[in-house]
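In structure tokens below, several structures.
Paired with chain B in one complex and with chain C in the other, chain A is shared by the two complexes that follow.
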Partner chain A sequence: MKKISWSILTARFPALFPLILLIIIIIINAGLQPNLFSQEILNQNMRVFLPLILLAVGQTFVMLGGGIDISVGGIVSIINTILATQVGLDGSPEKMWLFVFVSIIAGLLAGAVNGFFVAFLRLQPIITTYATGFLFGGLALFILPNPGGGIPREISEFYRNTTPLGIPLAFYVIAIILIIWWYLSSSKYGRNLFAVGGNAEAAYQTAVPVTWVLFSTYVISGLLAAFAGIAITMLSGSGNAEIGPPMTLTAITAVVIGGVALSGGVGGVAGPVMGAITLGLINNIVSFASINTWWETLVKATIIVIALATPGLINLFRRRRI
Partner chain B sequence: MKRFSISPPVAALILAVVLFLLSGLLPNGYGGDIDVAIAQATNITRLAVFLGVIAAGQTLVIISGYEGIDLSSGSVVTLTAILTYVIVNGNDNKVLLALLVSLLVGMFIGWLNGIGITYLKISPFVMTLGMAGVVTGTIIVINHGNVSGKISPIMTQIIARPLVGKIPGAIIIWVFFGLLMWLLLERTTFGKNLFAIGVNRVTAKLSGINVNLTNIATYSLAGALAGFGGFLLVGNTGVVLINLGQPFLFPSIAAVAVGGTLLSGGKGSYWGTMAGAIVLTLITSLLTTMQMPESVRRMVLGATLLILISIYGRQRGFRQ
Partner chain C sequence: MDISLSANNIVKHYGGVVALSDGNLDVNSGEVVALIGANGSGKSTMSKVINGVVVLDRGQLLLDGSPVLFSSPQAAKDLGIATVFQELSLIPQMTVADNIWLTREPTNKLLLVNQKEVKQKTEELLALFEGTYKSDLRPDLPVAALPSDEKQIIEILKAICFDPRLIILDEATASLDSRQVQRLFQLIKRWKEQGKAIVFVSHRMEEIFQIADRYSVLRNGKTVGAGDIDDVDEKQLIKLMIKKESVFEFIHSYIKEEEKEFEAPICLDVNELRTELLEDVSFKVREGELLGIGGLQGQGQRELLRALFGDIPYSGEVIFNGNCIHFSHPRQAMKNGFALVPGERAREGLLYIRSILENLLLPSWRRYGLPLKINQSKRDAKKVTDSLNLVMAGVQEPVSSLSGGNAQKVVIGKWLMREPKVLLLDDPTKGVDVGTKGEFYTLLNKLCDEGKTILFYSSDDDELIGLCDRVLVFHDGKIRTELKGDVLTKENLVAASLGVTNGNNGEGAR
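Presenting the complex of A and B:
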């Protein structure tokens, strides 16, 4: 039998390393916080992680296609400010659902703007989405110059405390995402996406609609950013135009920890979901380990760098031994 | 067929001049007063120096290609600014020491980036992003909320004040700096190797270039240049803040892109980045002069960037 090497394993199952990492982090976290698995704590954690998970999933599509989207934070801010100003603290649930619909349209549109510039005008993704991120962030600040507004209390209560069958809402969302991804990745669209991310030029020559596939990844990212915006608004219950941008780079880190290559074409959605949960749990660990406040940022960043470096280190040592 | 008739650096510079001339027509612009106009132009250029120097390292890593980017430069700037502030502590004799420390600390951080990217195969974006977190964490640890220090008179004299006639020292430093960067990129083996690894690392390796060494050297140098940026910046501001350098991070990438350096690597110049830094600083200060609200400022800046890169930042289309 052929010996299965680590590099083949990681290439075949990109979610393997994030899974191992997640398990380690869960064990450490459970050691520090023994009631981690109690229904209440689990729900408390998952409802906080969900917005980042959604952003990471959207980012995954863009990165699988070989791009990057650093405007997602701006989109989250737009959605948050739309909901907080238009629904209001005393709005009716019907009004909320109407503007959830509006938010989804806004997210799709914002994604389409990115997609137009990157896929059709062939601009470089990082600088384009940086510029559109400024546009979106400015727009959010225009809608809501000062933090304020909000959504009805019962809606945030619904988001915070819905646990059908005792399982947090976030797990259902993750399950839906994974089912959709499982279907998509083996569909024609999924194959096209991997082809474009792997080698766009070659994909073009084999009649893959490269432009449309690229365009679609940004629209999907916009859509998921809108979902993330809705989730974070429901979580916080209030509006703040600066809420989104700090999440962008964290989401990208989650995707990379999740085994998706920034060069495109390698990875899946399960890894980034686990990556996002891992990042959230690292925050937990740092706050529960009673580390001096001054050291928190350094400890957190060091853990993340070690997590990023580990797959490379393993490969390096294995290559040396052969 | 040639696609562009004028090179991006020249286009960016022309754009800057046109924008500046138009700004004179603004209600609170300089009007017809030549002296005021020159003073304003000098001041904007002086402000562009800091972005320009910080973007120098960014230019190098972007030319090195393969998604090369340095997201740690903002935190390195803050760190070396704080180090300079503490080391100098108002003492002229310590300035050279502070400069040396800034360069070495920056170089060390860049070297770590280079090692991670080259040997551990971490993509530059996340490696330098992670490093930015580590450096920020380090700043918080050494800073503990406040630092005591002071820049020295000679730094203010050289960096912030007029040095020759009415020309501020910072601009003179920048011109020399630009010449050195040009020499480095165009007249040294390192420069040639850098462009070569940016175009294609396999062919570069086959033609005898030590790709790994060049890559690590590029990131180390980029770190050192960011360190120099921090040293200059604190000489201008005179105070340090915990996020002094962060606002320069993405503008430094934008300056490189506006200057016509390909973000995919292998092609570019520091002259372009200098022009890009001037354009960006000019737009930002014009928007401030026009007393626009923050929201409109961001939107205009975003739209301008989009237009600029749409003009000459387009990648080649797909061909059969």
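Presenting the complex of A and C:
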């Protein structure tokens, strides 16, 4: 009886495991850093996590549809370099908003390129987006070969210190994302997305517009990568073509920890959001536990591997018990 | 509501393979047309042309008198054409309700799916089959958790949920038990009265004669005959389908079997076997015996075979040729000469994209490896394919190039390469055409004569009665009764399957 309740729980609430994990990580982090929940520290953390959260949300759509998008880091870099070179440290806010708009268009276009290759030409998503990722990364290097440039200081300040009602800006963004997700997942689009990820052939036979659904996931991923690029530029205030690529795998990790099946069709957005926050907090823990810098990567990776393996281990033990 | 559809001279190629060379079909409101043909004759392609899943190469499709061209399933669906797919078009991770209403979800003003309406309408649909499924089937269960007959029911409900004008039932009865089939037939009659047109694709002759008004026979992609069902009999139809008669007669070797009863030692003695689904299953099989296992779908027959093969854990005692065995992995079962032939060949039995040779050698590589004896292996494979009368272009061709019946022969062949002592057959003739079935029955008898012991589960009652001397009937994880000799009749088998006890089959129980 118990095993049924666990499997039904995880199937119905894919965010259950990431929630448990997040709580554990918060407890550990709060132990090392008692002022974790102070308004200032909370805002400091959340503004750093937000770009990764946005990237993970975009990735979630692609992975729910059964694909994967490893070009998102390249898109982030493009956006970052566009903003840093075109707006400049002494640019006007109007110019900034204009290029935010340009960035969004660029993100959508980049996503559309991926979507065209994967959905219409039916190429392998992992290879395709690996290749386009290089393309985008190369383009970013072309725009800004050496780190530099930047955006007006007041824009950075606005991003870093806006806390309406004392709550960090990132929480409002997350709330908006969750509302949009709730709407999409309760509409026909959501049903179609889950169907395509679950069994594309069956979905096609049932008259689901499979090609368009797949296409849309990459466009959404491109859009959110653009938002992530905007956020990280506002956070750092400067340009660097190498900023995006390392974020790609972290975002995918966040999505997987967040309970989205790599095979597609299972999961939601809340899990990956928590997964991204968890990964950010793991960074905190590692730095607060005064671990030797040389060990940092190893410790971080170990925690991530354990987090990824846990659901599998739970299933393994459940099978053994029968 | 009125509809008339006629497909004329349809041609469809898949790469170099001609699936349809001259397909014709007419269907009108208020009638059931049976689309008949051996496996690989183009039935499925024909239905896929009509419902837009594949685009025809040449030919004409007339809907209500005017030509149409379906470029996608969407186009056909919008014109009221629904399909119950043979391979099922369900999304395993999604719930029953979500699956049924996929792309047809009722929405509210904000374009959100109206959950309450979905649930309520799903319950109304489920009520159509009320009482024929075992577990309590709720709209919010994920489809993956359902047994195959319930999945099939969901597939049917999914097709009819948007009140289509034309329904194509492609092997919709293959995994249904007799009670569910009868319920479906009642529904088909009702749809007929409502003016719907129905295309019924099936292998089961008996069902065709029960439900169809007209028939259309395909052979090798050509329509070779059509007419009123009242004007033909079973033999004539089979003749049209395969051009040769008398393949469907069961070869029954009563006398031989009785001799064996006295001589043959007990091969397998199962005592109080239990798994999650099975309860106290006990029986004995003699060497060279063909023991039938029957009952409704999903009553634990599959579990029994899988437990014996070491695929799922069980408790209880199994004595094989005098030794107590307890396999915890199929590897051990294979070493002891067990073989499991699954009916779900696409999923469990074959590597579809790999060659026939590779599939045949899969369980026996150890014998031919290190140093690689590829020629030896090819010779042995040749022997098996010859003895099975496998119709193929060559052993290097992929299994996907074979028809269903021939693919199933490969599944059996790969185990015959190992010279098994015990064969566990899990509904092996599912979706296999009549001609191949006939050959298959001959093969089973031959194997028994060679002293192999066979446990044969089938969802086809006629097959069990025709082929076996003894049938264990399962119900709810238990052996309900054992039928043999004179009490092994269709009536008794059906009664026992449904859990009805009538006096005269009690004596069969051991």
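To be clear about the criterion, the second predicted complex is superposed on the first by the 318 of 322 C-alpha atoms of A that agree within 3 Å, B and C clash if a C-alpha of one lies under 4 Å from a C-alpha of the other, contacts with A are read in each partner's own complex, and residues count from 1 in each chain.
To be clear about the criterion, contacts are C-beta pairs under 8 Å (C-beta built on N, C-alpha and C of every residue); 3 or more make two chains touch, one makes a residue touch a chain.
As the structure is a prediction and not an experimental result, all values here were calculated from the model.
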Message: If we overlay the two complexes on their shared chain A, which of chain B and chain C does A:A301 touch? Say first, second, both or neither.
response: first
- prompt: Just chain B (first), just chain C (second), both, or neither: which does A:G312 touch?
  reply: first
- request: Could you say whether A:Y204 touches chain B, chain C, both of them, or neither, answering first, second, both or neither?
  value: both
Query: Which of the two partners, first being chain B and second being chain C, lies in contact with A:L178: first, second, both, or neither?
result: neither
Query: Looking at chain A, which partner touches more of its residues: chain C or chain B?
result: B
Message: Output check: A:I126 vs chain B and chain C. Expected answer is one of first, second, both, neither. What do you get?
response: first
- prompt: Which of the two partners, first being chain B and second being chain C, lies in contact with A:L139: first, second, both, or neither?
  reply: first
Message: On chain A, which stretch or stretches are contacted by chain B in one complex as well as by chain C in the other?
response: 201, 204-205
Message: Taking the touch rule as given, give the residues of chain B at its contact with chain A in the complex, in rising order.
response: 67, 69, 71, 116, 119-123, 125-127, 129-134, 136-138, 140-141, 144, 250, 253-254, 257, 263-264, 293-303, 305-306, 309-310, 313-320
Query: What does chain C use to touch chain A in their complex?
result: 53, 72-74, 76-77, 83, 85, 88-94, 98, 101-103, 105, 107, 110-113, 115, 142, 158, 276, 313
Message: List the residues on chain A that touch chain B in their complex, please.
response: 68, 117, 121-124, 126-128, 130-142, 145, 200-201, 204-205, 210-211, 241, 249, 252-253, 256, 261-263, 294-302, 304-305, 308-309, 312-313, 315-316
Message: Can you tell me which positions in chain A touch chain C when the two form their complex?
response: 11, 183, 186-188, 190-192, 194-195, 198-199, 201-209, 265-266, 322
